[in-house]
Every structure is written in structure tokens, then in C-alpha cells.
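Given below, in the form of C-alpha cells, are the structures.
Here subunit A shows up in two complexes: once beside subunit B, once beside subunit C.
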Partner chain A sequence: MTQPAIETRGLSQRFGDFRAVEDLNLTVAEGEVFGFLGHNGAGKTTTIHMLTTLARPASGSARVAGHDIVTDPLGVRREIGYVPENVRLYDTLTTRENLTFFARLSGVEDASDRIAEVLDFLSIEELADRRVGTFSKGMRQRVGLAQAILHRPGILFLDEPSSGLDPMGMKMLRDLIGRLNREWGMTIFMNTHLLSEIAKSCTSIGVLNHGRLVFHDSIDVVMKRYGDEEALEELYLSVVPVNAKGEAA
Partner chain B sequence: MTALATHAMPPDRAVARQSLLYIFRERTVALLAALFVVLVMVSAYLGWSATSTVNSIYNDAVVYLTAQGQPIPPNPVHDISPLSLMRNMSIYVSLIGALAAIVIGYQLIAADRKSGVVPLIGARPLERGEYLRGKIAALLAANGALMSVAAVIATATFLILPQVSLSAAGWGKLLLFFVLAYGYMVMFGLLALGTAARTKSESVGLLVPVTAWLTVTFILPSLTGNIHPTAAINPISALAPPPDTTFFHWTGWLIGPFSVAESFKWLSADLLDYLPATAVTGSMVPPLPDFLLALILAAAFAVHSVGVMDFTRGDYDV
Partner chain C sequence: MSDFTNHPVRTIAGKDIADARRDRFILIVTGFIALAALTSLITGAVALSTDVATYNDAKATLLALGKSLDSIAAPEFYPLKLLRGAIEQFEIIGAVLGILAGFRAAVSERGRQTLALIMTRPVKGWQFLAGKYVAGLVLLSTGLLAVFALAALALQLSSGVGLGLGDLSRIGIVWLVASAYVMVFYGLTFILTLWMKRPANALLISFAVWLLVVLVAPQIGDTLDPDNQVAGGVFKQLQVPKAEQDRIKAGYATFETVRNGIEAASITKHFERFSFAVLGIKDTYTGKALGPILVEKQGDFLWIFLTSLGLAVLMIARPINANRLTKE
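Let's turn to the complex of A and B:
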């Protein structure tokens, strides 16, 4: 049996008295496309920050690609790619200059060949020598994805990847995620608000409510139980109660 | 899963290279660097011009005195150290040089924060120390480039001027002056690098080192070495002793260690041979240890600030 791509045990994060993530126990198998669903402020981004070693957990532990996030952060970082919610790069530099920098930081030896390969994979060769500051949100998102996969990481973390994208951009991104999973064998950990994206892209789903994992299962099980993707909303509302103001209770 | 254990280019070098590429495209940095270089050239020209004028007048006087059968006095150009021709350089270093260093140091970190790439860097396989080393290397390189241009101009001035020639000891003192000036600029660069990493607000990140520079350059010297507010930028009046009152005695002694511009000015005057033999420092800490201590503290501040920098966030609050 292969080791899980991601495994957390009692993972918690606090900011003062606020408990952002509480006792998170989660396992994501290698090769999965995991959708992490939750309301604003549920703790999804905080969880990604801990798993990508950007922030130390207050308590608990986690292993990413077999590496402990606290004791072996460099080991984790060698195995992951990360695309934050609002991808931002050096605006005054070109796509190629940005990617060259991130390739070097990731230890890619044949940076120019790898950049050409990634630009081709994402169909953005025409953006290579243009300054990033002139790009639309969709273009920026693809360059953001490019910087995250340059070193061919085993696990890709995406924080609200479809945020702000038009339907065409969302479809393109979904296709790319599928190809990265199928063709490059990447495990995908994706934060999202969008139930439709979960239904179309993910192989398993976790729901976070006020820092606590309230649901975790494979999408097949969910579909069998709830029937179709519209019913995901029913599932979400059943595990994340809503108060009179329409907020997650 | 893919594991990339080896680095084609060490991460600190990649950070340094990227940082230099970025800041050299920044207009503010380019403008201040150009201004600094122009002022260094002006400083060299003023030194050349002053020497040539005195020498020309002396030559005319020699002709006149010879015709009159008068004794010929020695050439006054030979009475002063040729190094003192570069005294204006210390003014420009403490003004524009330090300001350029602040902008460079600030931009090195602020560029990453404003661009929002800090989380992308933080999720890469590099240690905080490597990131810091890369930034400091970029700071040293950028300031080194500026100082090298200044040194080349100064050297050319001494080589071109026919009236002055430097001894081996003179060249050594000139080299030490440039090392000192480089250290002074790097000190402000480190301070700005630290505040850019530490502050939540973009404007505060720049305001703090600029305020420190203003205080050190204009305010503290008024209380320590001289009552004239421009003491630090005028090496001549700055070397005039302060009024011999109890107030200035104690402010000079107590505030002296914080008056780094005063220490720099003192050490510059010593190295460029225009420090009066009777001059005494009123500070409780001698200029050289004071200068070195300030440099070490600035470095420690930068190291600590990058150490506590929040890599989860890319941007400033404002």
C-alpha cells in the first residue's frame, strides 16, 4: 500500500483566541483530485498555508509526500507546487523571466527547456516574452499555474483557482487540472467555493466548517448517495448549517 | 513523486540575481543612482577646479613676483593633502548615497511583497537564511556597483590632475575611505531592508529608514558636533568645535553614539586628511567603534526582520 499524499493528525491553527483550524484529521491518497469545500473563513487557506509549510501549525502534525511539515519543510517544498488565490508575479518582468526565477528556486537544472515544455503544455507560448503586468486575470492564472508545475511536483495545491475567472477560463483550468492529474500523475489539493467545480474535477471531497472537517468522502460515494451534482448543494447545506443571516452556523 | 534535491543554481544566488534584475528596472533606483554618480563627478570636478584655480593664480603670482624681484612663496596646493580634494564626496555619500541605499534596500524586499510573490517564494525549497543571504548579496552588489563608479571617478581625477600625486599611503587611505563610505551606505540599506520586511504598511516601511536618515544626518549632529543644522553635510563647519557649554558637553557625550553621520564624517575627515589635529570627539564612544556598532545593529535588525517576516501574505496592508 502506497503512502498517502497528504495525511494530517489533529492539525490545528489559532490566531489569538480564534481557532482557524481545529483538530483536522484528513487523508488524501496519491493521485486524487481532492476538493476542499467551505465557507469564507472556514480555514481552507489556513490549512493550505500549513500544508505548504508557509505557516507552522499551533498543534497536531501533518505529512505531505511523506515529509513532516514541521521537521522537514524543505522536503515538503521539493514535492509541492502552490498556486495562491490571487496569483501575482513580478509585473515588470516577462513570463519567461518570472518562470526562470521560480525554476531556479525550485532547483530545475534545465530551466529553459522546462519552461518551454510548460508553456507548451499550458498553450501560453505567446505570453513568454510579454510583461506579466499587462495580463488579464485568466492569463495570470495560467502563468501562476506554470510557476507551480515547473519542477513537476507530485502534489499541487490550488487555492480557489477559479476565483474571478469567466466560464471559458474555468473550463480551461478544469481541463488543465484534469490533464495534470492524468498525464503528469499529480495529486491535486484544491480549495474551492464552487460545488460544480467539485463535481466536475474532483475524485474526493472534504467540507470544512469553522475550522472543523465535517465531511470527507470520495465523489463516487457522494454521487451515489445524492444522485447528481445539483444535490451536492443539499449535501453541503446538510453538513454546514446556515443561520438566519445566511451565514455558516 | 518527483524529488529535486540538487540545485542548478544555489537559491541565494537565484534570489540575488532576480532582485538585481528587478531593482535595476526601478526608475526611482535608477534616478537616485544616476544622481549619486553625477554628484560624485561634480565632487571630482570641484576638486579639480579648485586646485587648478589656485595653481593658476599661483603661477601668475610667480611671474609677477619674479618680475618684481620678490621671493617666491611655496605653492599652496602642495600645503594641503591632495586627498582633501575629495572631501565633498563625504557629503554626497551621507546625502544621496545613503538615500539611494535606502531605496535599494527597501525595494529589495518591498518588490517581493508588493508583487505578491512572497508566498510563492516561501513554498519553494529554500531556507529563510538563503532568502536573506540573496537579498543581502543583492544589496551589497548594488551598493558596490555605485561605490565602484565613485571610486573609478575619484581615481581618474587623481590620475588626470597634474598638480597632485598620491603616495602609496594616500591611495591606501582613499581605498579605506571608499570602504567606509560603502559601509555607511550598506548600513542604511540594511535598515531599509529590515523595515520593508517587518512593517505591515508599505509607506511606513519606507518612512522609518528615511526618518532615521534625516535624524542621523541633520538633527543629531546639531546636538553633538555643532549647532549648525547642516553640520553633517558641510565637512568644514562640521569640524568647528561646538560651543563649550554644559548642554553641548552632555548632549555630545550622550547622543554622540547615535550620531552615526557624525562618526562617518569624522572618519572621512581623518582618512581624507582634512581633520584638524586639534579636533576631539565629545562622544562617549569613539567614531570607529560607533560606526561599526551601528553597522552590526543594522545587519542584526535586517536578519531578525526577515526571520519574522510573514511568508503567508504577499502584500502590505496599505
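Let's turn to the complex of A and C:
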């Protein structure tokens, strides 16, 4: 039996009296595309920060690619790639210079070959020697993705990857996520609040409400139970009720 | 070899240096310091050449009258004294350069979320911070080296007197200490910008510190110094004997301790005391050998280096607050 790509046990995070994430028990199997759904402020980014070792949990534990996030953060970092929301990279440097920098930090030996491979994979060879500061949001997002997959991580964390993208950009990103999962065998952990993205990209789904995991199952089960993609909204509203102001209750 | 090339500290420092070279901000501010230093130098050179011209006129008059030249003393000429204005400009603008460079080094990583990207690499927190410190040190000290080299060249051209190895050594020592002085402000601002919730507040606090340390404290110290109230010194002008001077000063021991304490709290004053002594700008040290000056001024030297080192250790040793990695 293979170990899960991500496994959390009672994972919690607090900021003062505010409980950002509470008692999160979650398992993401290897090779899954996991969609983490929730309203703004539900604790999705905080969860990613803990799993990527950017923040220490207040309590509980988690293992990513078999490494404990608290006792072996460097082990975790060797196995993951991360794309934050609205990543900008270094404006004055070219795409190639940005990627060389991140490849070196990841300890990639054959950096120039790997960069060529990634640029080809993402079809952004023409951006290689242009400064990142001149790029559109969609271009930046692809370069952001390039820096995250340079070292061929086993697990890729994406925080609101489709934020600010036009429909064309969203489709392109969706295709890339699918290819990374199928062709490179990456496990994808994706924060989003777009139900349509979950339906089109993910193999499993978790819903977070005010820091608590209120739903977790495979997308196949969801589809069988609720019928079609449109019904995802019905599912979401059933586990995350809204108040009179339209906010998550 | 490849281990060294890919070492995180070197990689981060190299990226910062390339980034700074491209955006030219540091270059522009350094150019501004160079301009201010050269302006001060030229002003000093003009004043000196007026003195020399006055002396030459007097000499010509005496010779025309057939009199001996022994009755007028040839002006003593120490070209390094011309650097006084440049050092004073540097104390103020150099500190601003350090603040701006430190702020940019930290805020750029926070605002672009690249800090989060770096910290999800197999890189230790101290390696990232050390890389930023090394980059700041290389950029600022290289910029200052260019300014000091330009000042030395201008000094030679304006005075017409060649600078010897001794003079260049003195300039080199002051450059070294100047780099440490600027790094104090770089380190302070970097730390505040990375630690504080709002980077803009860090900049405000840094400039408040700059105002106190660079402008207010040295001025208070100077203004309260009784011997500074008359040009050339009160005691000297009134021809008060040394024993009498000591007796008068003893009556104001507490006052003098407080006054000196205010001055000594300012790192700028330590830099000024050190550089004025090494360059022979202050009359007491003009023409004096370098060795004894360095021994006498080791306190100022240590103050600057230990403050700079302390801030560097603080900058590198403190873990990065995860809350500073979040979306701006």
C-alpha cells in the first residue's frame, strides 16, 4: 500500500483568539487532483501555508510526501512545488533568469536543460528572454507555474491559480494541471472558490467552512450523488450555509 | 565548485545584485552621494586655492620690495582635509542610502510573494537572510568604493598634489568603516521591514531613527559643547592655561558626561570622529602618523563595527514570521 501524498491529523492554526484552521483531518492520495473549496477567509491559504512549511501549526500534525511538516521541513520542501496567488516573481529579471534562480535554490543540477524542458512543456519558449515585469497576468501565472515544477516535485500546491485569469487563461491552466497530473504524475492540491474549476479539474474535493472540514469525498461520488456539475453548487450550499448577508454562516 | 555556485546564500545574493543593477535605483542614489561629495570637494578646493593665491600675492609683493620671505609662513597643505565636506555629506546621505536599500531588499520580497517561493525551497531561513545581507554589503560597499575613488581622483586633480600610498590607505580605511556605517542603517531597516506588519511603518521608524541619530544627537552634542561656542575654541582664544582649563572643566563634569553621552549615542558621531581623525581633517590629528590615530580611535571603530555586526546577527538569526508571507 502506498503512503498518502498528504495526511493531516488534528491540524490547527490560531491567530490570537481567531481559529483559522481547526482539527483538520485530511488524506490526499498520491496522483490525486484535490480541490480545496471554501469561502474567503475559510482557512484554505492558512492550510497551504502549514502544508508547505511556511507556517508552523498551533497543534496537530501533518505529513507531506512522508515527511513531517514540523520536524522535517526541508524534506517536505524537496518534494513540493508552490504557486501563491498573484505571484509576480522578479520584474527586472527575464523568465530564464528567474527560473535559473529558483532551479539553483531547489538544487537542480542540470538547470538549463530542465528550464528548456519546462518552457517547452508550458509552451512559453518565446518568453524565455523577456523581462517578467512586462508580462500579462496569464503569462505571469505560467511563469509562476514553471518555477514550481522545475525540480519535478511530487506534489504541487496551487493557491487560487485561476484568480484574475480570463476564460482562455483558465482553460489553458486547467489543461496544464491535467497534463502535470497525467504525464508527470504530480499530486495536485488546489485552493479555489470556483465550483466549475473543481468539477472540470479535480478527482477529489474537500470543503472548508470557518476552518473546519465539512465535506471530503471523490468527485465521482459527488457526481453520482448530485447528478451533474451544476449540482456542485447545491452540495456547497448544503455544507456551507449562508446567512442573510450572503456570507458563510 | 558547483556546490559553491549553487549555494543558497550565493544564489540569493547574486540574484539581488543582478536585480539591483537592472533597476538602477542604487546606482542613482549612489550617484547622488558622489555628486554631493564632489560639490563639497570643489567648494573646499576653491577656498584653498584662494588661500594659496593670497599667499603667492604676498610672496610676490615681498620679493618686489626686496624683503625676505621668512616674515610670512607658507600655508600648510593637507589635501585630505578637503574631504571634510564630503564626509559630512556622506554621514547624512550615506545613511539614507542604507535605509532605502534595506527597505527595498525586504519589501520587494514581501510584496511580490517571492519570499514564500524561496521559503518553500530546501533553503534555511538564515541562508535567505544571509544572502540578502551579503547582497546589501556588496552593493553598498561597491557603490561607496566608486564614490571614494572618484573623490580621491577629484582631490588629486583639484589640489594638483599627488596622493601618496599613505593618503590612499587612509581613504581606504575610511571607506571600510563607511561601509560598516551604511550597513547599520541597511540592517536596521531590513529587520524592521521584514518584522513589522506594515512595511511603510518600518520606513517611517527608520527615518525617525535617522533623524535622531544622524541629525539631532550630533547637533545637540556640538551645540552644548562650551568650547565650540567660539571659532577656534573658547579656551584657545582666551589663552587659558591647560591647568586652568582642567580646573574649569572639572566643575562641569556631570554636564560634560551628559553632553558626551548624547554624542556617543550617535553612530554618526563615531563615524565622524573616526574619519576626521584618520584623514587628519581635525587639526589635532593633522600630519599625525596613522598607527597612533587608529589606536586612539579604536573605540569609535569598534562601536561602528560591533553595531553593524550585532544588527547583522539579529537580522540573520531571527526566524521569518510566517504572517509576513501572506497576501499583501
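General observations
In the analysis below, the second predicted complex is superposed on the first by the 249 of 249 C-alpha atoms of A that agree within 3 Å, B and C clash if a C-alpha of one lies under 4 Å from a C-alpha of the other, contacts with A are read in each partner's own complex, and residues count from 1 in each chain.
Heads up, the rule we're going with is that a contact is a pair of C-beta atoms (placed from the backbone, for glycine too) under 8 Å apart; a residue touches a chain by one contact, two chains touch by 3 or more.
Because the structure is a prediction, the values reported are computed rather than measured.
Once the two complexes are overlaid through subunit A, subunit B and subunit C clash, as defined at the top of the document. In the superposition on chain A, contact is made by A:93 with both subunit B and subunit C. In the superposition on chain A, contact of A:74 is made with both subunit B and subunit C. After overlaying the two complexes on the shared chain, residue contacts for A:155 are found with subunit B alone; subunit C is out of touch.
Contacts of A:4 after superposition on the shared chain: neither subunit B nor subunit C is touched.
In the superposed model, A:169 makes contact with neither subunit B nor subunit C.
Legend: residue contacts after superposition of the two complexes on their common chain; A:65 is shown touching subunit B, with no touch to subunit C.
When the shared chain is aligned, subunit C comes close enough to touch A:56, but subunit B does not. Touch criterion not met for A:43: it reaches neither subunit B nor subunit C. When the two structures are aligned on the shared chain, A:102 is found in touch with subunit B and with subunit C. With the shared chain A as the reference for superposition, subunit B clashes with subunit C in the stretch 293-301, and the other listed options (41-49, 59-67, 239-247 or 293-301) are free of clashes. The contact surfaces that subunit B and subunit C form on subunit A in the two complexes overlap at residues 49, 52-55, 74, 77-78, 80-82, 84, 86-93, 97, 101-102, 104-107, 109, 147, 157. The part of subunit A that touches subunit B in the complex is made up of residues 5, 30, 49, 52-55, 65, 74, 77-82, 84, 86-93, 97, 101-102, 104-111, 147, 151-155, 157.
Touching subunit C in their complex are the following residues of subunit A: 15, 45, 49, 52-56, 74, 77-78, 80-82, 84-93, 97, 101-102, 104-107, 109, 147, 157.
Contact residues on subunit B toward subunit A in their complex (touch as defined above): 1-9, 11, 14-15, 17-18, 21-22, 25-26, 111, 115-117, 119-127, 311-312, 314-315. The part of subunit C that touches subunit A in the complex is made up of residues 2, 5-6, 8, 11-12, 15, 18-19, 22-23, 111-114, 116-124, 322-323, 325-327.
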